[in-house]
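A, B and C are the chain letters, set down in written order, and residue numbers restart from 1 in every chain.
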Amino acid sequence: MPLTLVLAYRNLFRNTRRTVLTSLMIGCCLAALILTDGVIKGMLDVMIDSVTQTFAGEGQVHRKGFRDSLDTDLYMNNIDELEATLKADKSIAGYSVRTIAGGMISSSYHMTGGAIYGVSAEQEAGVSKLKQAIIQGSYLSDGDAEILIGKGMAELLEVDLGDRLVVTLAQVDGGDLSQALFRVSGIFQFGMRELDENVTFISLARGRELLGTGQGAHEIAIRFVNAEDAEDSNLPIFKQLSRNGNEALGWLEINPQIGAMIEMVDYSTLIVGLVLYLLAALGIINSMFMSIYERIYEFGVIKALGTRPGQLIQLILIEALLLGILGSIIGLALGGALTWYFSVHGIPLGEFEFEGISLADKIRTIPAVNQFVVFPIWVLVLTVVAGIYPAIFASRIVPSRALQRAL
Amino acid sequence: MESLIKTTQLCRYFGTEAIQVKALDHVDLEISSGEFTAIVGPSGSGKSTLLNLIGGLDNPTSGKVELGGTDIAKMTGTELSNFRRDHIGFVFQAYNLIPVLSAAENIEYVMLLQGVAATERKQKVEEILEKVGMQGLGDRRPAELSGGQQQRAAVARALVSKPDIILADEPTANLDSKTGIGLLDMMKQLNEELNVTFVFSTHDEKIMERARRLIHLADGEIEEDEIR
Amino acid sequence: MLLPTLALRNILRQRRRSILTALSMGGGYLLLSFSFSLVYGSYGNLIDMFTQDHTGHIQIHFDNYLKKPKLYKSIQANDEVEAVLDKHAEIVSYAARIHAAALAYGNNKSAPVSIVGIDVEREKTTSMLVKKVKQGTFFSNVMNEDGYYSAMIGYGVANSLRLKTGNELVLISQGADGSIANDIYIVQGIVGTMTSWEKNRVFLPLNAAQEFLSMPGKVHEYSILLPSSDAAREVAEDIQSALANSGLKVSPWQEIEETFYKSMQADIQGNYFSLGIIVFIVFIGVLNTVVMSVLERTREFGVMRAIGTNPWRITLLIILETCTLALFSCAIGFVVTLPLIAWFTFEGIQLAQSLDIGGIPYDTLKGEFTLPVFIIPLLVIVASAAVVSIPPGIRAARITPVEALGSH
């Protein structure tokens, strides 16, 4: 056995140029795969982060039906009870009670439609990035006349800090239109068009008062200690909160398009992987055949000496495996260097906006264990599988013909 | 007779100063048009080296080679290519033919390089195949020909461009002696009929006998120049 | 015909190696041509969708209305603009529109909406709106006997305000003069679906909208339909130069949906990049084969040189061999790709979940069946084959007869 290994190794380096080129090819395939996975992971990370960390939270509680219709009448009444449940649970890092209503926001000369969120300053700061997103003025302090608007909306309405805004919305439960005067106390920029152009924030108390929901609210956004918890739809806390006509859901269920995207991305990684593996396999088979043809005389001789076909197959497969190991080392080095480089410097994507999330910033690749363990193992399996065809060919060489052909 | 090949103080050394192999050492040689000359000597005596230098396949360390009065050292790469194409025919020990071309096409190939018209090419191929005793075998690929047939085809190819001289380095080495003698007799006949100069190397006694002039090499020097 | 014959026979001599190499080049061709077809087909389809659906291929606005829409940045609807548009041979149709934000109120519920005032007749030939009336009928621009204008509302508005055709709808907004605008309309039709562009829009007849917003005779936008999206840029430039000094800005769809266009470009570029890597890997393999083949044939090249073949002919032979093989590969690739692309072009795949790219829903995978889709990959593969074979080709030409004959 060790002798076979030595033989395989020496054979491989008889033609260094070919071995180097072939393993370079295998290595490039592996590196490309590692990089693809790193980029995709990086993109998904940005997207999931934008969805969960920016504003929406990792989980949300609503009255059933509210998410589809945004009907303000569908508000939750048992907020105290829900808050108590959330406070008691150790896996919850924070939550924010919100009222939500569509309304009209007008400055002296302009008006626009938008969503008016009533939030508590302290709670909101523990869930969303609103506080960090303030670019002008100050964050909420639960004051009555405060309103935060997005940069896009400020431009649309041509207003600055301190300018007056009138908000008009319909009260719940068949109430009349109510109007209130605010002064712009802060301008935020999340970098998501939808939020920056269409959303405003006022204090929770004022929101409840304007809408007439009493102590009710439309939404509770939740942040977990471990973000992954929220991906499990059977989480006990979701069950506990989903009572009395309410529903508590994780972000994956709230944003099915992200789920669909993750699926699609997995699918396309698979396709890219298959294509790359196929290319590598062709390269390996080709290279193995070249080396067999070169040695056909030799094979004739050792077969004439009484080597069994199985032993020849073993030899060729070990050569293929060694080639795979060499390629994997090159691939790991190259792929590792690239993912590391791009995880620091990022890949400029151009201006790309997906699902309303701007990916204009550079995408940082994310290295992962499976890229450096699972992928190379697949490469090794593949090289051995690719070696089977040439190995069987070599084992079937008829000595008399091989010796003749060599001349 | 006017000399066709003339070497003057021809030297070819291999290796470094320290371990220098003098493959050819100050060789003065003249070969006239129409000769049928064998270069003989033990293995390593410099036969191949001499033939390569004469054919312009290799460059001398010092000294010069003149062919028909021209110093081949003064030619550029392309000139030398064309000179070989038009004036010199080669026959090697083995693997002479382009493997993907049939015997006839191998012969035609040289004429194609020279730009001979198609009808003339076909006709000449037939003629020449007959001359080397290979009528009817033109369509076969090298792999389908015996060693002797391959060498005949190689001679035919060397002959077709009407070269002044055909250089053959151990053309019979891969053949059994009977086939080898047959090849040599054919070459000699062509030499007499067409007045083509042949210079070939060999270390086979039976082959040497057929040459009209024998140049004996030993350790890169001419030991004896025997005309019979 | 000497070199081509030689090249062809050399390819056939090493049949197994040629086939394996051809498979990888053919695979490269398939991948290139298939993704070209899919990318351009899907985006082309998408562009046709939204341009024909509502944006039109070109829009005319006042100044920078497109970037910063303000009520006052309006166009005096006049014969001058329309005369320019009427004269242009390539314009299929055009329609004027007016836009404003408003609060819609009905059944004791309110929702922020976008008002679109449309030219009732022209809109029918410029956008797909008329085909998207799901309930009720397309409206007219005349008041009913009670003095109310009719409106058509998007599915989302109808859903959140629980409105049906025949119901009353109150719109509240701010007029151009700063006054409160406030009026009642009768819902005559419900248009679109929960995901379509019309979702949160309320359509009014142009004259009714102008009255509501106190903007008599003014519009915000002309939407222009062309036979196809290709010529939008040039036609827009044409119109722009005809409207010089008017303060009007003519924008092709690339500017109207700028975020989408840039995202599309980024996506296409990313796609090129990955294809580039794959082609690179394919040709490492090809380089490997060509180098091996040259090394194996050292003696043959030596003989060819000895009998007077010019070195450059040998280089050419190697290049020709590789390119011929590449051509074969592409032919095989073509045979496989053709039905695949045809299927995607004429059938396509509807995605289960539509993806939002720069504000445009991307929901169909569609192919494009055009000459470039097949020719460009061919050129890429054959050109790469030629480039890759140059170094080994030069190496082969450098083989001197003596060293070649010395080998073996």
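Points to keep in mind about this one:
Convention: a contact is a pair of C-beta atoms (placed from the backbone, for glycine too) under 8 Å apart; a residue touches a chain by one contact, two chains touch by 3 or more.
Because the structure is predicted, anything quoted here is derived from the model rather than measured.
A count of C-beta contacts for the chain pairs B-C and A-C puts A-C on top. If each chain is reduced to the average of its C-alpha atoms, the one that sits nearest the average of all protein C-alpha atoms is C. The geometric centre of chain A is 73 Å away from that of chain B, both derived from CA atoms.
Rounded to a whole number, the gap between the C-alpha centres of chain B and chain C is 68 angstrom. Averaging C-alpha coordinates per chain places the centre of chain A 26 Å away from that of chain C.
Residue ranges of chain B in contact with chain C, taken from their complex: 52, 55, 57-58, 77-78, 81-82, 84-86, 89-90, 92, 95-101, 109-110, 112-113, 157-158, 161, 169.
By the touch criterion given at the top, residues 16-17, 20-21, 23-24, 27, 31, 68-72, 101-103, 105, 108-114, 159-160, 172-174, 178, 259-260, 262-263, 265-267, 269-270, 274, 277-278, 280-282, 284-285, 287-289, 291-292, 295-296, 351-359 of chain C touch chain A in their complex. By the touch rule above, chain A contacts chain C in their complex via residues 15, 17-18, 21-22, 24-25, 28-29, 32, 36, 69-73, 101-104, 106, 108-115, 155-156, 158, 168-170, 174-175, 177, 193, 256-257, 260-261, 264, 272, 275-276, 278-280, 282-283, 285-287, 289-290, 294, 349-356.
Residues 2, 6, 9-10, 12-13, 299-300, 303-311, 400-402, 405, 408 of chain C are the ones touching chain B in the complex.
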